[in-house]
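Right, I'll just put the structure down here and ask away after.
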Amino acid sequence: MESGLTSLLSVSIDFETSHLLFPRIVHWVMGILFAIILVTKTIPFLAAVKRGERTIPIVGESMDGFRFFGTLALIVAYFYLMAVVGNLFPYTGYGFLFVSMVFVFLMSLMYMHEWTKKGVIIVLVNAIVAPSLVWFILAKLFKITLP
Amino acid sequence: MSMPSISKTLGTSIMMAGMAFGSATAMAADGPLRGNVRVVIGSTSTGGDTYQNSNIVVDALAEKLDINMKVDAVGASSAFRTLDRDSRGNTLMIFHDQSYLGYLYGVEGYEDIFEKYTIGPTVAINPGNAYLVPKDSPYENLNQIIEAAGNGEEIRVAIQPGGVSEIGFSALKNAISIEYPGQEDNLVAVNTGSQSDKNQQLFDDQADLINGTVQANEQYTRLPEDDQKAMRFVWLTARQGTIEQAPEEGLGQTSREQLLQYVEPNVNVTMGDSESFTFDKEFFFLYNKDMDPAIVDQIDEALVEIYQEGDIQETQKKSFFIPDFKPSEEASEYLKEKMSRYESIIENIK
Amino acid sequence: MEFLSFLDFSFFLLAGFGALVGIIFGAIPGMTATMAVAVCLPLTYALGLHHGLALLLGLYVGGISGGMVPAVLLNIPGTPSSITTTFDGYPMAQKGEGERALRVSVIASVIGGLISAVVLFLFAPLLADFSIKFSYVEKFLIILLALSVIASLSSNMLVGIFSGVIGIWLSLIGTYSISDGGNGHTRLMFDFMEPYLFEGFSLLPVLIGIFGISTILLEAEKGVRSELASERVKLGKSSQFSFSIFKGRLTNLVRSSFIGTFVGMLPGVGGSAASVLAYTQEKNLSRDSSEMGKGAPQGLMASESANNALTGGALIPLLSLGIPGDSTTAVLIGAFTLQGIQVGPLFIPENTDTWYIMMTALVFANFVMFFVMFYAIKHIAKVVMVPKYILYPLIVMMCVVGGYAINYGIMFDVWTLLIFGLLGYLVQKVGLEVAPLIIGFILGGQAEVYFVKSLESFGTYSIFFTKSPIAVVLWLLIAASVIFSVVMGLKNRKASREEASQ
């Protein structure tokens, strides 16, 4: 009996495949939990959606599409262009500096609901000063590598 | 980054703020290497030997060439990738023997550096690669360990797999297979990670021998024997000639003379044909294959001058590095030869 | 008392200046204490060892404390170890109690910092000998104990645990790292991802992405209306701070400080586990813990005293074993090697002057941190009044800087921000829970290494129970933690049913 238990608990780890051991355990736990959640939560929820009591998240909700997708598009363009421009001036941080100015300006304008002359000027000044300050302190003073 | 370069940066920075982003790139007066240069290293640690050594060299180089240079500890796989993408010479890399040992051991993310990159000059050696046993270990020296394994005793060695930490283990295994054919499997690798993990294996009695460094373990060797943490050097893999160049006072309270007890010929790890295994951890530059050869020459020439002036050797020795400058071509030949020697060991024990 | 001669005016000036700069670094989302120490490391070469250490220790203390500011005000942990500060801090800020939350946090921080400094000073070598009794097995159990917080932290236990497991899964992407003793093979990804994901997602970009970017996406979806800001100002009046808030909380503070010191002291367990563990224990042990997670000051006290206690704790193995206790001390070790000083078991006896000087700097930095923060809070808290159309673009920009700089310049880390920003958005939309997910992510990698390595060395599952008395104690704590959260969960369910039926 004793030895049966011991052999049941004993394992031999092959170093070459040891990177798969833990993920396998996690997959099992994840699968089981997912199945339980599917049965106890998701199916009742979908039934409620069918009866019209609840709505499917994201798809069924009202959203400010312009600002949401605008934000996503701006961020993608920001990250992408930063690397591209940065590559033109290797390791100077100019990619970050110039693209950030444009990004901060555009995003501020997008989030501002009423465009007043004063508001836009504040936004513009902020968009120029803030990235310059960050760039100056980090890239120049502390010599941190920026894109 | 030394004090003058910081105050210089501060000064230039302030000037530039006034000029509203004038030309920030300090253009190298002449020579093909210009603009800002980033030196990526194969380690992620800013407290480690690669970073420290790279900084010493890069600072000297930046001053000599009068350009901005900066060391970034991005780690091996990121460093190789960054280098792959930039053939302009704005990205250089410094790494050590791990760069080809990783390839020899078949570690993912490593490729044949001699095919994929241009090998630059070697700059220094870290002579500290060491093997240690607990202070109360029954084994007096490495020869007794080889003998014990040869006579069927199991010896567990804590190493970090796939590189610099493993090569000594492989050589040991190879030596056992030569002296006691068929007994080499008595030497068992305990694969762990950082230095603290390796030490821990010794404290837990999960290993009989561990890989370490003179720098990190010297104080442990001076603890009293009844301390659980006490250790003893049995082997430094460096060449005798390398340790002989170390400062006479050695490191900490362990003098050069004491360190010399643990290198060949006092410790003999055979490679067959009466040749003895040694391993020096050498730091060298790696360049993008398509980089302008003129830059290779420019850096070589600058380093020749720097090493002729002699200040850098002092700085390196102060930090327990052994100066070891070889210009690119010589370095490339030398390292290729070095790699093929270790390749035969690794092939042998497969 | 020879060391006193080293303590000149500039010494204190540097420690104070370090604390100040550290606070700023910590307070900017995306910048961390580790980064602050890393960028100032080269300065120490010129400053000399003692003055250099004063600066770096100031940065360390300041940086860890500064992390509370964005955690409370913006729901973005400024440093990974302030993640549990967001759980109660942000709800308080939303109720208009941001200033009060910050004051509680500052006081908790200084208490944690000082307690750990005392422990460091008195017991460093002793504790170092204790810490080496923790092998892979015990470290795995510590991680497991910290993971058990997930059960009690989530509003729905099943969903919470599921989210936590997803977090663990995400942390396993990439190689089974050689530097942890793994075999260096990649898993959980396709070949084309390898150039980017070889080392997996790194923690800081994940953290600021999932908290920072996703918050902005959620706001963008609602149209970024700014009326909230004025509401907050109005409510601000109700948030009078008084020290009476600490009444009856001494046990919590002391316990959390000790947990922080202790976890900091274990090499490889890492900083973030400290505050998570302290938070769990407070949640399990205190009588009135049902409010935690909804804006209870006691949660802040646990989290902040623990994460500042880390500073002293992480210095223990550094100074008495030569092994850094967390990522910041790993950089700090460079200050010693740069000066040609070896840290190891004989560091303290052989460098008594340096040792006393470090203690002085550590304690002094804690006081500077306290006074700067406590009196600056009034102004810092006004960050929430900055219009969102100005604030949000700047947050994105700072997140980019932080993400890019944390691993010394890797563009993929910036994209990680967006990936996890989107993931955080989706996760919240489908009803999964962010906090358990991120805790799973933080602890997942370590859980794997310690679990697999335990089995590799001992070859049997039973080792987790039989390794040592410490293991048994840890199992008892884990059992208590699980039982507690189950009981609490049932109680809550019953209570909400009764409410519903009324």
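Labels A, B and C are assigned to the chains in the order they are written; within every chain, residues are numbered from 1.
Heads up, the rule we're going with is that a residue touches a chain if its C-beta (ideal position, glycine included) is under 8 Å from a C-beta of that chain, and two chains touch if they have at least 3 such contacts.
Note that the coordinates shown come from a computational prediction; the quantities given were computed from them, not determined experimentally.
Participant: Does A-B or A-C have the larger number of C-beta pairs in contact?
Facilitator: A-C
Participant: Looking at mean CA positions, which chain is nearest the middle of everything shown?
Facilitator: Ranked by how close its C-alpha centre lies to the overall one, first comes C.
Participant: Roughly how far is chain B from chain C, centre to centre by C-alpha average, rounded to an integer in Å?
Facilitator: A distance of 33 Å separates the two centres.
Participant: Measuring from the mean C-alpha position of chain A to the mean C-alpha position of chain B, what distance in angstrom results?
Facilitator: Each chain reduced to its C-alpha mean, chain A and chain B end up 37 Å apart.
Participant: Using mean CA coordinates as chain centres, what's the gap between chain A and chain C in Å?
Facilitator: Chain centroid spacing, chain A to chain C, equals 20 Å.
Participant: Which positions in chain C are in touch with at least two other chains?
Facilitator: 175, 182-186, 408-409, 456
Participant: What residues in chain B touch two or more of the other chains?
Facilitator: Correct list: 1, 38, 72, 161, 191.
Participant: Find every residue in chain A that makes contact with two or more other chains and list them.
Facilitator: In chain A, 15, 143, 145 touch at least two other chains.
Participant: Spell out the part of chain B that touches chain C in their complex, as residue ranges.
Facilitator: Interface residues on chain B, with respect to chain C: 1-3, 6, 38, 44-49, 51-52, 55, 72-75, 77-78, 81-82, 107-109, 160-163, 190-197, 199-201, 203-204, 206, 215-220, 222-223, 227-229, 251-252, 318-320.
Participant: How about chain B: which of its residues touch chain A in the complex?
Facilitator: Listed in rising order, the residues of chain B that touch chain A are 1, 9-10, 12-13, 16-17, 21, 24-25, 35-38, 68, 70, 72, 86, 88, 90-91, 161, 191.
Participant: Of all residues in chain C, which touch chain B in the complex?
Facilitator: 38, 41-43, 45-46, 129, 132, 135, 175, 177-186, 195, 198-199, 267-268, 317, 321-324, 330-334, 337-338, 340, 342, 344-347, 407-410, 449, 453, 456-457
Participant: In the complex, go through chain A and note every residue touching chain C.
Facilitator: My answer: residues 6, 9-13, 15-16, 18-23, 26-27, 29-30, 33-34, 36-37, 40-41, 57-58, 63-64, 67-68, 70-72, 75-76, 78-79, 82-83, 96, 100, 103-104, 107-113, 122-123, 126-127, 130-131, 134, 138, 142-147.
Participant: How about chain A: which of its residues touch chain B in the complex?
Facilitator: Result: residues 15, 89-92, 94, 97, 132, 136, 140-141, 143, 145 of chain A touch chain B.
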